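Here chain A shows up in two complexes: once beside chain B, once beside chain C.
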Partner chain A sequence: MLLLQLFINGLASGAIYALTAVGFALIYNGTRIFHIAHGAVFTFGGYALYLLALPLGLPWIVALPAAVIATAAFGALMDTLVYRPLRKRGTGPAGMFIASIGALTFAQATYSLVFGTDTINLRKGGLPTFDIGEVTLTAVHVIAAMVALIVFPVLQLFLTRTRWGRAIRALADNPRLAVVRGIDAERLYIVIFALGSALAGLGVVIIAFDLGVRPEMGFSVMFVALVAVIVGGVGYLPGAAAGGFLLGITQSLSLWQLSGRWQDVVVFGALLAFLVFRPQGIFGHMLVTRRV
Partner chain B sequence: MDYTLHLIVLVLIYASLVVSLDLLMGHTGILSFAHAAFYGIGAYATASLTVYGGWDWFSAMMAAVVITAAIAALVGIPTLRLGGDYFILAMFGFQLIVITLILNLEPITNGPFGIRNVPRPSIGSFQVQSGLGMALFVAAVTGIIFWAHWRFARSPMRAMLHAIRDDETVAMSLGIDVVRTKILVFAIGAGFAALSGALMAFYFRYVTANSFVLSTIILLWAMLFVGGSCSIAGAIVGPAILILFPELFRFVGGEGLDIPNIQEALYGLLLILVMIFRPQGLVGRRAA
Partner chain C sequence: MNHTARTAVKLLAISAAALFAGIGAAGAQEPIRLGLAMPLSGQNGEYIKRYVLAGHEFAIKEQNEKGGILGRPIKLFIEDSRNDGASAVSALNKLINVDKVVAVFSIFTPVVLPMLPIAEEKKVIVLAPSVEHPDLTKSRWAVRMTPTATTNGLLIAQQARKMGLKTAATFAEDNEAIRVSVKAFVAEFEKLGGKMIGDETFKNQDTDMRGQLTKLRAARPDALYFLAPSGRPVALALKQISEVGFKPKQIFTTHLVEDREVMALGASMAEGVIYTAVATTPEFNQKFKAAYGYDSDVNAGKHFDSTNVLLQAIQKVGSEKDMTKVRDAIYNFGEYKGTIGTFRFVGSGESLVSPILKTVKDGKYVRYQP
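And now, the complex of A and B:
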């Protein structure tokens, strides 16, 4: 029964990883930026939720969606302030990545300076729980599962059925051709960043509500999400989601035998194993194709 | 005076480390996220061999270089075949694994407590003791590293590495064994990083995992790109600016301020601004 409980816990944290991973993959596929500062955008959502819910005193039903929107706006702002000037200069992927590291470091240090380095808890008391047999579900487990079940199909429909979704996929496939066909790339980049960041925002409000907010929370989630993207197969969004769930479950199940301090090693051991033996990921067919 | 000397030694140790990072990133285009890990392996190997193994300083330092280069080659063989973004992630994973291992392999590393009382180097019967003596020792080794880099920058090897950095396909068509060369350069760069790690262990006489974490690599990247990659002058200007600039906070009444986080914010901001406004760095010529 312990194993089943660990499995359920892993599913819930896996949903957070999956949301973050799909957000990163969407941005990466669409803009070819290795947007490591996605982790800082994630954390921003947590602090936005804190500011809206506690000092401003908004009810949760308003604060939660508002925090997701704020996260989306912050991601779009980052594109405008950091990446757009670099695109204008014609900076290559390495330069973009270095600037992204800079943005991550800067934002994370700023959170520490403004909010302190301690964890800020957003709620008092325990969560409502449901006992099914010997397994305990919390409200967060249920919400995480529901959000993932709703968001991923909706995203897939958006990308395949709507005009904007098709434009994003066109841009990911072949930016030059997309521009020739009349797609406004700069405007679309903002949409891509907002959308990808909103997915991270959905992930962070769930985890912030559950475990509180701290400056480097996005960092660890971000890197598990990156591994999820590779494990699932770069360029294939459902793969990134599956990778997120897989890593969440693996990490949780590893607690059965190993102490928590080895969790990073488990995740990155999995990464190294995949990179060596199956770099195209579980679902990938080719190493270099990028499709949304 | 002592404090000035300490700052100079810090600049020299970081400058020696930026040189090896530049060999990987600036010249060969290997975005190594794990340089702090190799620096740490070098420092820990030196400290562990001298303190627990009873080795003399020189053998320990040389063994540290060889061990680190061998580890780098082993890690590089599977990962350097991968595309750039995969390699970044693999190195990030390696960095995390190294830190976890340092913290948990107590018999070799003394876990979270670090290794104390690393002996000072001695030449013949003369033991380097004073601050000035250590500064001269560090300056001498850093000088050797810079000399090696300067020799490299005038060799045909440089053109070969630049070809790999600029276009791997073209480099292959010119008959360069890209993967093998990258593995070789990666091992050499890691070996030099280990040498810097040994310097650090001898100078502080104490090693701890905190010196080799991710913020170290971000500091190193900031140093490299603020100074300018592919530039010998840049390798000393970058560390000098990033070490000395935060010292200004001491003079404007830094008490009560959260200095480490202000520094981190500064490093991050500098990386963004340099990339946007001066991608070739302050004294470099080549845009990153």
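And now, the complex of A and C:
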């Protein structure tokens, strides 16, 4: 029963990692930007939820989706204010990465100044729980699972069956040809950032509802999400999702035999192992055609 | 002497008088410079600013309103040490070399212990009243005003066995001082015939501890001894203990269960928890609350007391120029009646004070009665 409980715990944390990883991978594939500031967008979503639910007093049923939309908008704004001016100047990937680090640092410092360094709790008391035999499910387990089950198939349908989705995939495959074929790249970048940030928003509202909001919360999740993208295979979205779930489950299952202090070692170990033995990730073979 | 020479001499005399008067005035106003290097950011930052820093500032403010020490005001220079040794050493160097402080207040074992070699070299007293690691007072330039981690662990183990609890597990932050408490608890518990069946840790920045708590739940210990350095992880652990359905017969922890973070998440989560504490006086709490608008806690009291012990020692010696004498004055202070009880310094930086046991009953913090 302990193994099963740890597996279920891992699925829930894996769902959060997967959402963040897929959002990051979507942005990276579509724009070639190593958007480390995705962590700051993640944190923004938490504070957006706090402002909507507490000072503004909106009911949760309104505040939660509104926070996701606000996160999407913030991500799009970040592209407009940070990356677009740099693209116009012909800045390369290294410059974009440095700008992204700057944006992340600036955002975190701003959150600390505006909201303080303390964790802001969004609610009192523990989460509702459900017992199935000897296994206990919290509301986080259930919500994270439901979100993952709905969002990933919907995202896949969007990318494969809609005009916007096909345009995003075309841009990811061959940006120059996509532009020549009439795709408005700048407009599409905004959509990509908004979509990728919305996925981060979905992850952060679950965490914020459970554990509260603090300025550096996006950084730790972002790091694991990056490892998930590498483990799953850079350039392949289902790989990023699979990597997220795999890391969450592995981290949790490691507790079966190891102490909690080894959890970071598990993540670093996975990163090192894949970089050394399989740098293309689990689904590296899918990168032959550079699928989004 | 001609007219010009007389004028020159007069001007020289006036300048010399003004210069010496200025030096005299400056000397009279030169503050007594004290430093504070603590983690003012991160997970523990808000707690430290609210209680620990406030305790020092309150003591200094009170003393300055009475005219300072030796007719001079006291000035506190503040640096953020973050929660790591390298930043703490950096902060200490700045306080000593730039701000010229003669003593430094600090907190948390991983922050304080790395400072000690520099403090010893520069003859700067480090007052870390709340640090429980026994190694602190191996330094001849450190002062503690709290029961040690060993004392707390021993008391809890003895209580657990008195209550007939046969098995126990520990769940603690991975931190040097806390490991000492855990070690003392485990040794005493096993010595008294108990059996340890679980031992889990979490890191300072962890917020989701459900994995570790799930593992401890599976072990089904009678007692859980939980240790953290601030209120936030205590609050999170109590919440998640309830969420994973972990129900040991008794949960033990430290006075941090009185922290407002626990109250913010719901006092019912802490109902029945037994914890070690040092009692605070109502008089101190009253005046602290009047000044700050919220209740004090044990750490506010300890840090307030440590400031006053230092200031009284400087007063006794007559100067802060020779800090060796000030240090010796603290070490041989004898009895000090503080806000959290009576301390006894008997020749070292270790002040002898015993913890008590308290519990949360009907949402109130009361002395534990079996």
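One rule holds for everything that comes next: the second predicted complex is superposed on the first by the 287 of 292 C-alpha atoms of A that agree within 3 Å, B and C clash if a C-alpha of one lies under 4 Å from a C-alpha of the other, contacts with A are read in each partner's own complex, and residues count from 1 in each chain.
As a convention for this text, contacts are C-beta pairs under 8 Å (C-beta built on N, C-alpha and C of every residue); 3 or more make two chains touch, one makes a residue touch a chain.
Note that the structure is predicted; figures quoted are calculated from it, not measured.
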First (chain B), second (chain C), both or neither touched by A:P153: neither
Partner chain(s) touched by A:V227 [first = chain B, second = chain C, both, neither]: first
Which superposed partner A:S112 touches (first chain B, second chain C, both, neither): both
Partner chain(s) touched by A:T136 [first = chain B, second = chain C, both, neither]: second
Which of chain B and chain C A:R261 touches, first, second, both or neither: both
Contact residues of chain A, present in both the chain B and the chain C interface: 112, 117, 261, 264
Contact set on chain B toward chain A in their complex: 29, 31, 78-79, 82-86, 88-90, 92-94, 96-97, 100-101, 103-104, 215, 218, 221-222, 225, 258, 261-265, 267-272, 275-276, 279, 287-288
Contact footprint of chain A on chain C as seen in their complex: 41-43, 45-46, 174, 199-203, 205-212, 214-215, 218, 232, 236, 239-240, 242-245, 261, 264-266, 268-269
Partner chain C, residues of chain A touching it in the complex: 1-2, 5-6, 9-10, 13, 112, 116-119, 121, 124-127, 129, 131, 136, 138, 211-212, 214, 216-217, 220, 251-252, 255-256, 259-261, 263-264
Residues of chain A touching chain B in the complex: 34, 82, 85-86, 89, 91, 93-95, 97-99, 101-110, 112-113, 117, 223, 226-227, 230, 234, 261-262, 264-265, 267-269, 271-272, 275-276, 279, 287-288
